[in-house]
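Take this structure, written in structure tokens, and hold onto it; I'll ask about it next.
Read from first to last, the chains carry the letters A, B, C, D, E, F, G and H; within each, the first residue is number 1.
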Amino acid sequence: MELNEVIITKAIIDRYYEKLSKNIETDVAIVGGGPSGLVAGYYLAKAGKRVALYERKLSMGGGVWGGGMMFNEIVVQESAIHILDEFGVKYRKYQDNYYTSDAVETAATLTAKAVQAGVAVFNCVSIEDVMMRTDRIIGLVLNWSPVEMAGLHIDPLAVRTKFVIDATGHAVEVVRVVFAKVPGRLLTDSGKIEGEKSMWSEKAETLTLENTKEVFPGLYVTGMLPMPHLVDPGWARFLGACYFREKRWRSYY
Amino acid sequence: MELNEVIITKAIIDRYYEKLSKNIETDVAIVGGGPSGLVAGYYLAKAGKRVALYERKLSMGGGVWGGGMMFNEIVVQESAIHILDEFGVKYRKYQDNYYTSDAVETAATLTAKAVQAGVAVFNCVSIEDVMMRTDRIIGLVLNWSPVEMAGLHIDPLAVRTKFVIDATGHAVEVVRVVFAKVPGRLLTDSGKIEGEKSMWSEKAETLTLENTKEVFPGLYVTGMLPMPHLVDPGWARFLGACYFREKRWRSYY
Amino acid sequence: MELNEVIITKAIIDRYYEKLSKNIETDVAIVGGGPSGLVAGYYLAKAGKRVALYERKLSMGGGVWGGGMMFNEIVVQESAIHILDEFGVKYRKYQDNYYTSDAVETAATLTAKAVQAGVAVFNCVSIEDVMMRTDRIIGLVLNWSPVEMAGLHIDPLAVRTKFVIDATGHAVEVVRVVFAKVPGRLLTDSGKIEGEKSMWSEKAETLTLENTKEVFPGLYVTGMLPMPHLVDPGWARFLGACYFREKRWRSYY
Amino acid sequence: MELNEVIITKAIIDRYYEKLSKNIETDVAIVGGGPSGLVAGYYLAKAGKRVALYERKLSMGGGVWGGGMMFNEIVVQESAIHILDEFGVKYRKYQDNYYTSDAVETAATLTAKAVQAGVAVFNCVSIEDVMMRTDRIIGLVLNWSPVEMAGLHIDPLAVRTKFVIDATGHAVEVVRVVFAKVPGRLLTDSGKIEGEKSMWSEKAETLTLENTKEVFPGLYVTGMLPMPHLVDPGWARFLGACYFREKRWRSYY
Amino acid sequence: MELNEVIITKAIIDRYYEKLSKNIETDVAIVGGGPSGLVAGYYLAKAGKRVALYERKLSMGGGVWGGGMMFNEIVVQESAIHILDEFGVKYRKYQDNYYTSDAVETAATLTAKAVQAGVAVFNCVSIEDVMMRTDRIIGLVLNWSPVEMAGLHIDPLAVRTKFVIDATGHAVEVVRVVFAKVPGRLLTDSGKIEGEKSMWSEKAETLTLENTKEVFPGLYVTGMLPMPHLVDPGWARFLGACYFREKRWRSYY
Amino acid sequence: MELNEVIITKAIIDRYYEKLSKNIETDVAIVGGGPSGLVAGYYLAKAGKRVALYERKLSMGGGVWGGGMMFNEIVVQESAIHILDEFGVKYRKYQDNYYTSDAVETAATLTAKAVQAGVAVFNCVSIEDVMMRTDRIIGLVLNWSPVEMAGLHIDPLAVRTKFVIDATGHAVEVVRVVFAKVPGRLLTDSGKIEGEKSMWSEKAETLTLENTKEVFPGLYVTGMLPMPHLVDPGWARFLGACYFREKRWRSYY
Amino acid sequence: MELNEVIITKAIIDRYYEKLSKNIETDVAIVGGGPSGLVAGYYLAKAGKRVALYERKLSMGGGVWGGGMMFNEIVVQESAIHILDEFGVKYRKYQDNYYTSDAVETAATLTAKAVQAGVAVFNCVSIEDVMMRTDRIIGLVLNWSPVEMAGLHIDPLAVRTKFVIDATGHAVEVVRVVFAKVPGRLLTDSGKIEGEKSMWSEKAETLTLENTKEVFPGLYVTGMLPMPHLVDPGWARFLGACYFREKRWRSYY
Amino acid sequence: MELNEVIITKAIIDRYYEKLSKNIETDVAIVGGGPSGLVAGYYLAKAGKRVALYERKLSMGGGVWGGGMMFNEIVVQESAIHILDEFGVKYRKYQDNYYTSDAVETAATLTAKAVQAGVAVFNCVSIEDVMMRTDRIIGLVLNWSPVEMAGLHIDPLAVRTKFVIDATGHAVEVVRVVFAKVPGRLLTDSGKIEGEKSMWSEKAETLTLENTKEVFPGLYVTGMLPMPHLVDPGWARFLGACYFREKRWRSYY
């Protein structure tokens, strides 16, 4: 049967225009398409929220694809296994409390399930700035990341949202932008972005809970703030997203 | 409960060593983790073959993630819909014979399902050379792609396989290596890599069938050879893999 | 009065979507936003044709902005002065037959007037390929140029058109793509892209007329083909476009 | 008729030499060829001042060409529409108070009209330093921007002027140079370059008025100082230039 | 006799896996494969300790290979000659107290003898972070250096060790990471990384002794801390390692 | 005791000047400091010849350091074990006919022993050209490789030699220079550089013997010519050098 | 006494404009500011010709500055000593027939004397093309080299001349441009650019004479054509220029 | 007569070795081969001092070659004309107190005359560090600049000198190194490197005198310290060097 390139082009443009228009105003805007962003997005979309997720790169999954040092396996502890079950990621027991899963399968499955749950993903998009009202974040200022990579001078566009989740991991990109505007007023103990503390893994669970929190009115981070260089082969991030959903999100949202 | 970094490191190394060792000899080695490589791998693994897939990049999914011009939707024609059904990718009808699906969901789902079907994926790996016997390809010569990117002089390693599928798309990377060794002896009409022919979409289906074939003893390409710049927003590649399975593979393998 | 970013974003997206959708099928597609492309587009749009113009760079005007060696003035000969008059570009007489105009004003005015005449300009867009039917060009395959600059693997989109004008100057980018597909079949004397011939200016006028022609069914070039390194401080290009309109276009279109 | 390259070369050199020599001393030197620089230059030249405008890039128009995220349309609010009317830029109403215009047409028209009004534009020129007398800026120190891009060690040249307008937008390039020389003595509230404050659009108009001011004796900025990342799809800049002309310039100049 | 690539690949993978697994927990981890790291490793391995050495580059030997200004000879003073004797490096007397040896031979011999003494060398590996417990360094966080060079986002792996020696010379890479986590608490006089002090050679011996010390519980540096730009054509480093062994290590370990 | 930088500088300059002056005329000049160059140099120096070895990089050892894919072990077959014994490299049996050694130890030991045997190594030196007489190579034209890397225009220097060994492996850098001067006159079967032939390992031994030969009067290659992408984890190169010495060199030299 | 920047700027612009205008038509245009270009220019200017010299780099002197391998001395043979005498370069006898001079002094003196003799030097200028009439070169097409380095699209300017000397050495840049336009019609034996022939120095004198000749009507090269990689530490180039003047120029000019 | 490459190579190496050895200890070491370094070197060498000059680039002359904005002329005021007379640079009067000279001739003549006066120039050499004794600079630590450009890890060499002149202009490279070692102890008013002060030209003469001084025991700067961006088209630098000689040097040296 005859195929028509014009229809193909029209179809792609129409569908994208529809997706883009529908997400100029959302309930939650997630920045970063790594595991914590995907897991958070999945649960929020499943709960009926309108969720848009912005990822700078072309592909999703963040650092999970490479496992540890390109050995593409990841380790998950017992308490986070229920998340793998929820997403349908296969795993094998290594020894008590330690399970492994294939890094490639995990990255892909988290992504696939988040979209299927309703998360609208915008890849190749970077965050240039945030929109604020008197002491509350109310939106994001976006641009194509290839524009940024090519060093072109092209203005961004703005989208509104009720809540922003900074899921960019150690980079805390959104938090840094906010902090530059209101130095000293973050909702952390010091009011600042907390410094690097090299921790041991057994404390990570507790810390992940402590640090998955609202750091500025309307802005959340997913459990990564004070652990910039934690040895985390994947598992801590699930935890972050998991407790995020169970303990904290419930109370705020 | 206490977590031990040494166990995490051991677990990752052990699992990867196991996966790597098991795949030094395979039934099929697929080069390229885009849609045609993933779909081909999926059906072959499902049929009980031992399949290893090598992808140069960190992430899988090839060019699907970006849809057309970063408008992240893809178009699939009716005759390929059964593949989306097989993988569980959601789609919407645009008009008769034209369906759209989310590009991000599609890329991720193809990847996830291929691994779950049994394909062993080695990402961050590039192909430096092939191993040949008298006129038959019998293996691949691998290296880490970051080694290549960093321009370091480090020797590769070799793996054996019964069949190689070149799923690198228009680049036909493996075919080029073989052609450089045995100029004029490819199993194409001219014996050479066939030139660029800008085609229209309605002929693509037929051509995809014609060109998903064995181009050298032991070496297959997935329907892309004579269509280097076809306007293919994803669908042609499914077809390639699909017919590949149904019509050709059956007879050769 | 209150301004709303969401409305601003919506307005921009809606208007662009409208412009993009309307130009998936056009009468003429011009590649290259330098002077010959702009002048050709202006006259064609003024004649009621639907014209889309694709420019790889962010800004229009090509090499005119810099005059000669960054001395931002250009020289126009008497026979092309009527084009400056048509566009409203100011000029001064230098000596008999030689006039000068400000390079910046000229580049900007040609651009402004072309758009006002109805040319739909798509900047930051590069041509990846052409669509062909049996020996006729029927469309272009586009991508964002920042995607190309960033080296990302993202598929293009296709647009249809009745005629293509290659106004990329010495690069003859579209002609090269076509030539790679049908070597030896260009409508030039040799059937090939004609080689470099360093000419003197007094012959340029005649040559510009000779070479503004149809080089393949559906594909025109604007008077630049055999003069890759002509000393042309702007004036030859006007001529090209001018005669293009008067003598040739009339007969073909 | 015979054309002579030597005459063409002579004509270009003579005209540029004339333009350059005439502008070694000016009334106003504008740095930056974006919309606010062009609009300011237009009104000043129209008022009979000798105005030179220096732009680092080859082309003029700044960030306007790309609209928002390469969607090449811009939005203008009602109160700035009279500027579009003054320049002859076409626009369409989107909804009450919001109008759109083609980004390419707008960039080109502002440029063309500024030059026609008498602004002498020097493109490919960057500002290396300023000339100062006891607490007053009295000139600029220029170089070719390609020299800067090529990293060559070549000395600059100096030009004198009565007033300097820093129209480089968020970069405030001239202000930074001055501030480095006289830290703490800018005519802002703090005496420093004021920090980043993410604002909402409805306050922008007021702020643009507040911040289009003299920040050091002889040095003006065009309404951009405290709004480095404002979501401004073009309109704010017109306002800046507009009120600049109406309210402030009048009193100082 | 027939050779089998699969056996070759298996042999390499098996031996490396064995070496890697055995060194996830060590007595001493040395960072930096220059002369001081190699000499320290040699003596420690000879004393029966399990020693792993991590080097960012592909080759070992650090700055020794190039002698001074690519004149590939080095100078050693009398008091360090016994180290050359221990390793079997040939030398010639230049004048009283000054001996020279071939730079290439020296670099290679130090490396060869260190491995033969039992040091497990991991080249192409960089240190991303350290593992700490309450005020004691207990391990290193590693990644492939080509991953770092290629700018890929891939997680590291962790290894445990009783003691870490920072032998990265003036860079003191490990010390910097620790200092960023516990500012002000290094075991130096100031509690900080001590600043640059350009010294003369005759004081270097004493200083090398003074500065080869424990700078944080579990972390040693090899005599380089306060001498960032000393004119040291190799000899000072031997001294550092030498006295390190004789005077200090004995008391701590 | 007091140390004097001036004496250190003098010592290094004097020793290097002496080494350089002594090697302006040599018996053999080896290009490439990888295993085959080092082994060939070792045996020739041991036999009393004056040997200079030029290596482009700062360090010696070529591709051996990285083993296979950064797994730093190499495999040696039984027939080459006597070379490891000669140099004193430790090895372990993997299975019949296959032995492994540490890649780092091997690279370092080959280098150290070659210098101790009398090879004068000039690292950071690249070959720009060769000196020829009527159909015989009689010298090399050298430059600092950092000069080449920095793209500076600096003339080279020439050295004379009786024989040149091209030990640059697959690159055959010297052979290519000679071939460009006397196309078709190499002493190979075709008179040309022989093309790429992907071989299997069991044929490598024979081929290494066949191809370690004189390819032009005065110019030898070390067994690599027709095997550009052989899977050679080190052992083939030893063989090359070994038989080189035993069978061929004897007859020519 | 008061200094005025405006006068300084005016003075520089006026003088340069004067120099540039005067050289739009010349007797001889030399391309390349290395020793052969400078020497040729010196003698021609001294003979009363109007000579312009174009050099791509900022500084003159070409490869002389670095001597051999950055050892900044050059060697001159007896028969060329009279040129050093003519320019006033100091030299010392090394042994019979071999003299040395300081490379820095030589490069600078050749440059200084050429300008003093009347050569108009335009540095930072590259040659984009040539102007030709029926089989005769009649001019050059110039651009700023920083424009080329910065990759900007800016048109060139043309200058006329009676004769062109290609003194770009092995690159023969002008000859290549001409050859691309009239393949096979150079005045060499083959009609082509002659291939690389590695020669010995004692034949260089003869060859330099042979090859300093007219290779196309109006176009000369300075004795370098067939000796692309000659070991020439400076002296051959003087010879070239010298005999150029004495034997050939006389007959043609 | 026969020429021998070996003699040529030997001659260059011998002469350079002699020059290098003789300058390991000097009276004055000048850093930077621009006009002030050359002029200072000239007068000092003429006065019988042993002077070495180190220049990072291949060519000498610094920023003089390019005149102002590549318009290669420079302006000299009356009071500095005697320096041009001393060196034999030709100049023309522009108007009272303002003279112009050719930039290329000036750069080359200053260089030629400095070497002829006895300055030993080492080009392609950069300064890595300084040697100090208790509060006095006593030498420099050198490396090849291509080594630095190529990013290689190669140790430097040290040379001794009685006095160092930092003639690197605005960069004050040596002063910065010293300041980093002894913060706050420079012999300036503040004890620090004095900040940027944009001055007018008529004050430059006085300032040049004030600032050509000893800034640390043994370390001088040539009149540039407080004028980093002065509009100095060459003349100020002569002055600096001139008065340097006449007023200050006499008293210190």
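The rule we apply is simple: contacts are C-beta pairs under 8 Å (C-beta built on N, C-alpha and C of every residue); 3 or more make two chains touch, one makes a residue touch a chain.
Since we're looking at a predicted model, the values are computed, not measured.
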Chain A to chain G, fewest steps along touching chains | 2
Any chain in contact with chain C as well as chain D | A, G
Most distant chain from chain A, judged by the mean position of its C-alpha atoms = G
Dist(centroid_CA(chain B), centroid_CA(chain E)) in Å evaluates to 44
Chain A-chain D separation of Cα centroids, rounded to whole Å = 39
Indicate the residues of chain A shared as contacts by at least two other chains.
-> 5, 8-9, 12-14, 58, 65-71, 124, 131, 144, 146-147, 152-154, 157-158, 200, 231, 233
What chain pairs are in touch here?
-> A-B, A-C, A-D, A-E, B-C, B-E, B-F, C-D, C-G, D-G, D-H, E-F, E-H, F-G, F-H, G-H
Chain D partner, complex, touching residues on chain C are 1-5, 7-9, 11-16, 19, 57-61, 65-75, 77-79, 90, 92, 94-95, 97-98, 100, 102, 104-105, 107-109, 111-112, 115-116, 121-124, 144, 146, 200-202, 204-205, 231, 233
Hey, which residues of chain F end up touching chain H in the complex?
-> 5-6, 8-10, 12-14, 17, 20-21, 24-25, 58, 124, 131, 139, 144-147, 149-150, 152-154, 157-160
Using the touch rule from the top, collect the residues of chain C that touch chain B in their complex.
-> 128-133, 138, 141-144, 147, 152-158, 177, 180-181
Using the touch definition up top, name the residues of chain E that touch chain H in the complex.
-> 62-63, 65-71, 195-200, 229, 231-234
